[in-house]
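First the structure, then my questions, so here it is.
Going in written order, the chains are labelled A, B, C, D, E and F, and every chain counts its residues from 1.
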Amino acid sequence: MPTYHIEMMEGRTIEQKKKLVAEITRVTVEVLGGSPDSVDILITDVKRENWATGGVLWTEPRS
Amino acid sequence: MPTYHIEMMEGRTIEQKKKLVAEITRVTVEVLGGSPDSVDILITDVKRENWATGGVLWTEPRS
Amino acid sequence: MPTYHIEMMEGRTIEQKKKLVAEITRVTVEVLGGSPDSVDILITDVKRENWATGGVLWTEPRS
Amino acid sequence: MPTYHIEMMEGRTIEQKKKLVAEITRVTVEVLGGSPDSVDILITDVKRENWATGGVLWTEPRS
Amino acid sequence: MPTYHIEMMEGRTIEQKKKLVAEITRVTVEVLGGSPDSVDILITDVKRENWATGGVLWTEPRS
Amino acid sequence: MPTYHIEMMEGRTIEQKKKLVAEITRVTVEVLGGSPDSVDILITDVKRENWATGGVLWTEPRS
């Protein structure tokens, strides 16, 4: 029943997402028990103009 | 003041969303009291490539 | 598969929560189709000191 | 380390986002201490058809 | 109508929260326009055992 | 920079959380690249009275 939300910068391939959700599910079941079917994972692809660190959007050059 | 976030697979029509938010708001006021105007609902349309159950993305065929 | 997150001010009874999740699930299946078992609902009880509207926490007297 | 999620109606310019994240980060450091680099901000641009108040989507005329 | 969620390590005082929500609301209205009453802010106090960076919980000593 | 939110039923031990965040971070770096320090994970322990599936809270007996 664990539910994951993953926010990551846009641009990952479907192959990366496939592998990531398989691995996350595997380690979750290993550590917490339960069945793989009880693990839900939702990914959000975040645009660079919508993520800021240190007060600066990731569309900007960083010093 | 209750605030809802609804994540659902993309592809619902505007008519379905209209009806869903009206009904959710109605039952919320019925059960919790308060005014309809205090109920906010935000919907996220999730792409199949961004939702996994059992370690498999919903773009994949399921056995 | 729709997943709901409901944030509401703390203080609701279990009876209210029971009724609310039953009703939300019922209207969701009515409007979107699918089976009730595919509907997950997570509630967050928010403390008054952790919610602000108009720049003022809900622990404060409101004019 | 504070992490912000801001949901707002779509349509803001990059200039507004730039200014907003700079200001949010500045006031956060002023009030909570810590370094600007520890502040992350994620923005979600919400479509009008995905936000409802009072049981009515923001695509609808409001009385 | 912007809605903020702020996650921060537990331990901030009510005074800090009061000041933070007032300032966040002020800069939001300055940059985006609209009325202060349309700004909602929800704070989550996160326990150190529930936040990890670099694969290590914040309850652990950091090298 | 990926940021994880994990919602799970309350009752996991600190040892389980330690192991889970270490493993999640490891597989994330393996699949997406980047440094472990860029991975943040926030856990929410959800009470049984705050999670419903099929319209029924997890405090209730299930048929």
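Operating definition for what follows: a residue touches a chain if its C-beta (ideal position, glycine included) is under 8 Å from a C-beta of that chain, and two chains touch if they have at least 3 such contacts.
This structure is a prediction, so every number in the text was calculated from the model and none was measured.
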Counting only C-alpha atoms to place each centre, which chain is farthest from chain C?
A
Relative to chain E, largest Cα-centroid distance belongs to chain B
How many angstrom lie between the centres of chain B and chain D, each centre taken as the mean Cα position?
20
How big is the gap, in whole Å, between where the Cα atoms of chain D centre and where those of chain F centre?
25
Where chain C touches two or more other chains simultaneously, the residues are 3, 7, 24, 40, 42, 51, 53
What's the contact topology between the chains, one of line, ring, star, complete, other?
other
Pairwise chain contacts, counting only pairs that touch as defined:
A-B, A-C, A-D, A-F, B-C, B-D, B-E, C-E, C-F, D-E, D-F, E-F
Per the touch rule above, chain F residues touching chain A in the complex are 1-9, 12, 16, 19-20, 23-24, 27-28, 30-32, 51, 53
Given the complex, residues on chain B that touch chain D span 14, 17-18, 21-22, 24-26, 35-37, 39-45
Along chain D, where are the residues that touch chain B in the complex?
7, 46, 49-57, 59-60
Within the complex, which stretch of chain C touches chain A?
3, 40, 42
